[in-house]
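Order as written gives the chain letters A, B, C and D; numbering starts at 1 within each chain.
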Amino acid sequence: MNACVRAVVRTALYHGVEVYGIMRGYSGLIKGEIVRLDTTAVANMVQRGGTLLKSARSQKFTTREGRQEAYNQLVHHGIEGLVVIGGNGTFTGAQLFEQEFGIPTVGAPGTIDNDLYGTDYTIGYDTAVNTALEAIDKIRDTADSHDRAFFVEVMGRDSGYIAIPCAIGGGAEIVLVPEQEQSLESVIDMLQAGRKRQKSSFLVVVAEGDEEGNATTVAAKVKEAIPELDVRVTVIGHIQRGGAPSAADRLLASQIGIAAVEGLINGMHSVMAGIIDRKLVYTPFEDCIKRKKPLNQSFMRMIEILST
Amino acid sequence: MNACVRAVVRTALYHGVEVYGIMRGYSGLIKGEIVRLDTTAVANMVQRGGTLLKSARSQKFTTREGRQEAYNQLVHHGIEGLVVIGGNGTFTGAQLFEQEFGIPTVGAPGTIDNDLYGTDYTIGYDTAVNTALEAIDKIRDTADSHDRAFFVEVMGRDSGYIAIPCAIGGGAEIVLVPEQEQSLESVIDMLQAGRKRQKSSFLVVVAEGDEEGNATTVAAKVKEAIPELDVRVTVIGHIQRGGAPSAADRLLASQIGIAAVEGLINGMHSVMAGIIDRKLVYTPFEDCIKRKKPLNQSFMRMIEILST
Amino acid sequence: MNACVRAVVRTALYHGVEVYGIMRGYSGLIKGEIVRLDTTAVANMVQRGGTLLKSARSQKFTTREGRQEAYNQLVHHGIEGLVVIGGNGTFTGAQLFEQEFGIPTVGAPGTIDNDLYGTDYTIGYDTAVNTALEAIDKIRDTADSHDRAFFVEVMGRDSGYIAIPCAIGGGAEIVLVPEQEQSLESVIDMLQAGRKRQKSSFLVVVAEGDEEGNATTVAAKVKEAIPELDVRVTVIGHIQRGGAPSAADRLLASQIGIAAVEGLINGMHSVMAGIIDRKLVYTPFEDCIKRKKPLNQSFMRMIEILST
Amino acid sequence: MNACVRAVVRTALYHGVEVYGIMRGYSGLIKGEIVRLDTTAVANMVQRGGTLLKSARSQKFTTREGRQEAYNQLVHHGIEGLVVIGGNGTFTGAQLFEQEFGIPTVGAPGTIDNDLYGTDYTIGYDTAVNTALEAIDKIRDTADSHDRAFFVEVMGRDSGYIAIPCAIGGGAEIVLVPEQEQSLESVIDMLQAGRKRQKSSFLVVVAEGDEEGNATTVAAKVKEAIPELDVRVTVIGHIQRGGAPSAADRLLASQIGIAAVEGLINGMHSVMAGIIDRKLVYTPFEDCIKRKKPLNQSFMRMIEILST
């Protein structure tokens, strides 16, 4: 996020445009938590996790009254265009706000889940995957040493975008993702088959939103079916949201930040800046919100092959 | 662990002593999972997490019959002395085994919790603390960005040895450890006081064995008392047991491994090799098992000062 | 590399094809350093840096006689197809070998420099960039604390593929790459201009193959021109070639490894498997060797904007 | 450093003492770069590398006139005691300054080399060792894959404190340190002997201040003696000075920071706060400067055993 904010600030200044930071999203916008940003305000931020602008949900912005207050703040500060970083919720708000008050807005895809139409990768996704994978590498050390079956839950409420590369890269035997129904019976069968082949340790990666339940639920059901299996659960959790961003994320965030500001300058509005097949693409908020980015089906086959 | 195994193997060979590795602890000993180890067997192991000898619990070794089988295996392989890596359970078994069968045994302190009498630090402890702290750094990024109260659970069933440096090093406001009773009320009071000072994010480190319950329990109770607090829980879990060992751990494991073998050669038995105040010390198993290593009380005061 | 080898082995076995590993490239092929690989041989390898098959240059394979011996080894082991991992040199040898002896060969792009036609990214590139960037983050800590100008040399003999994301992601003021002529005078001018704006620390990323010389040379010339600048040089060097691979690299290596074997099975030969715009593409060795993959010119503009 | 500054600030405030930060050491003191620090000024600093107070050398402070100006600044700001973080140079200046102007000063050992009398470990040392060791792990991946001899230079102008644990923990065959004369001939002999035992890769750790020269010099001489050895050099360099501090360093820095302020409050002066055998010790600056902390000789023997 900080890499994106930095790019937004410096691109604006590069083009001679004044730039302000709005703290805590729409909530801070309504309250007027708005600060002028110059080039030094974003110096030494590119490598930091989290976001210097902070983040918050705003119930009030979902009301017409709240949006009116937000608009008044923008007028007060002489702000004529917005760059918003977030996902579907953020863009839905921005679209409505633009329709009502005519403030042109360009979005940046900032959600670690990666399930956002209009860009191959979202900002934070590559970092989250690497963080989860480093944790999985450590867990595998323990799994191997103790002959255990580990159920590791990674983020992904509606999507397996994080789970899939974690499973492939972590050498998992099984992955459970929301996009693909996989019965608990088949999981149990695969584990039983592995045990017959004298396999002593297993790694199962579970996306938090899998339809069979989270890692704790799945592990409990497996333990019931195979009581002699030494089953452990690890929920990687919030560490996936922090940490110094990966190189790919810093590059992507910088590209998007530049594109968002230059888009605004060139008259774009109600669109999200994304990178598809290494090319800059602006996608209408409407498409980002309504359309679904499908998971590459070949990845499921890869796990089948690689766990041979 | 691997650094210790490597040191044991190479020290034995250095002194012209044959050396075998026993897989899966006492369990493997009983089954005869015993392999000759030469210098190349432990090449390139020093940086690896986990243990190449694997680990397991053995119910059978708690029986006289099991120990008899173990002894038979040792006789069969011509093994005249044992180095065991572990904690109280391991040493209790070793002591009994030595009393019954006269096999001299020297122990190495291998438990990440650090609550073992006879050494300042146990092998794996420094790595576990660093791993937990890196996770906490990432969580803090999120806590700050979202104005949340994070309850982070680290390992330590009976001790706050991991929790304390994580709290000091992670900039936590509160730490809950088994060694010190701290009422939930006082935790709630401290959080309330912080909120009055406009503090917006909090980090509470909880040792898994705290008497008020684990992080999930404590967080739930706090949420009940302060409903407006945005409370999150992360259980760092098994990642603390894996990963490339820290420099201090590799050094310690190497010192201990050498000391264990040279101790055996010099006629030591039923003792654990440890480092106290940077000096090599052999402590009778009996003391390791029965005596308690107290937590440095000054650390609790440090957290009070540093969260000013 | 290991992730790719693992994918090759498991894909072959998945399709019922026997698979052998050739140690030390063409050199080991000639000497017959060839080992049968089964699924356990590549277990727990995916997270390891380096390559279990080792690597070596072979002068002898450039001779007809050497290639004849290599062919004899293949016949002796009943090997009917080859997967080679490497860059231009490796593919040049493979193409000639196939022309002479008719052994179908599919290549995998294994060079950290990324300057290989026929794939967006080469295996090892993302890891090398992240490693270099982590080092740069640490150097920036020092640069800021001491008000210094750091010249950091990253790999890239003929290309700025590593230098560019390091510069963007590391917040560098200047980047010097082989693909773009940039006079030393302009570098000195930019540093002088920065000093006039009270900027106290600078980061200059230099690709090892820049036409103005390596980091040491450039830094010395700058110091001559601006003697009052506190100039330091760091050559990141070989650490860029090791370490646990990034998630993106493990995924890419797995995709390529599967594609290489399935390509061979489907009758492909003298082609390299690559991923372009997230799609699998087979490119004739001839094109990989002769054609140049141009650096994205927009990246140079990004650095100009972001160092505003 | 930041962890120490944070501890100093919060301890002062805890005891109701006002606290100021002096930017750029004695240089900033003379110029009056002095800022009031409150608790939020050091929030979220504990995990950051570098130092928020910045660092600089001051020629002027070595003159009586410079120190007079420094004193005037202290009087102007009403500052009655100093905490200085650094090594011998810093303490020499502080001692003289206190003798001349009577400003009580307590020192904190802030040098990564660890060769400072009066404390077992200096602040930054453990982090530097871990950073160097992580780099060495990556280099070893390459060394093994390519059958090379790597000469890795780590920091340590006058001491092998960093080199020794890097060698033990990195599995080096040879270590060269200033404290121990080791002829180049013996190094060459050891490498030759290894080659005869079919050892194909070697790791030699060289402290930058070794009497045989730095890694580049030593490697060149070895290459001359054994031309068929594939010799590579890596100078780890400035990355050892940056990066998020290790857990042990944060704990140590916090202990020292608290001790420095409480020492001042209790009337201590011209002493350095250190930790020896886990106990807080105040050592007169004079002893810190004049006395030498010997390297533990048992470490050299460890390397001999472990490279068996």
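Simple rule for what comes next: a residue touches a chain if its C-beta (ideal position, glycine included) is under 8 Å from a C-beta of that chain, and two chains touch if they have at least 3 such contacts.
In UniProt terms the chains read A, B, C, D = 6-phosphofructokinase.
Given the structure is predicted, the values throughout are model-derived calculations rather than measurements.
Peer 1: What chains touch chain A (6-phosphofructokinase) and also chain C (6-phosphofructokinase)?
Peer 2: The shared contacts of chain A (6-phosphofructokinase) and chain C (6-phosphofructokinase) amount to nothing, since no chain touches both.
Peer 1: Measuring centre to centre, with centres taken as mean CA positions, what chain is farthest from chain C (6-phosphofructokinase)?
Peer 2: Chain B.
Peer 1: What's the distance between the Cα centroids of chain C (6-phosphofructokinase) and chain D (6-phosphofructokinase), rounded to whole Å?
Peer 2: One centre to the other, that is 34 Å.
Peer 1: Using mean C-alpha positions as chain centres, tell me how far chain A (6-phosphofructokinase) is from chain D (6-phosphofructokinase) in Å, no decimals.
Peer 2: Chain centroid spacing, chain A (6-phosphofructokinase) to chain D (6-phosphofructokinase), equals 39 Å.
Peer 1: Name the residues of chain D (6-phosphofructokinase) that each touch 2 or more other chains.
Peer 2: Within chain D (6-phosphofructokinase), the residues that touch at least two other chains are 137, 140, 144.
Peer 1: Line, ring, star, complete or other: which one describes how these chains touch?
Peer 2: Here the contact pattern is a ring, one closed loop where every chain has two partners.
Peer 1: Quick one: which chain pairs are touching?
Peer 2: According to the stated criterion, the contacting chain pairs are A-B, A-C, B-D, C-D.
Peer 1: Any idea which chain C (6-phosphofructokinase) residues touch chain A (6-phosphofructokinase) in the complex?
Peer 2: 3, 6-7, 10-11, 13-14, 39, 43-44, 46-47, 120, 126, 129-130, 133-134, 137, 140, 144, 165-166, 168-171, 244-248, 250-251, 254-255, 258, 277-278, 296, 302, 304-308
Peer 1: Could you pull out which chain A (6-phosphofructokinase) residues touch chain B (6-phosphofructokinase) in their complex?
Peer 2: It comes out as residues 1, 24, 48-51, 54-56, 131, 135, 137-142, 144-147, 150, 232, 234-243.
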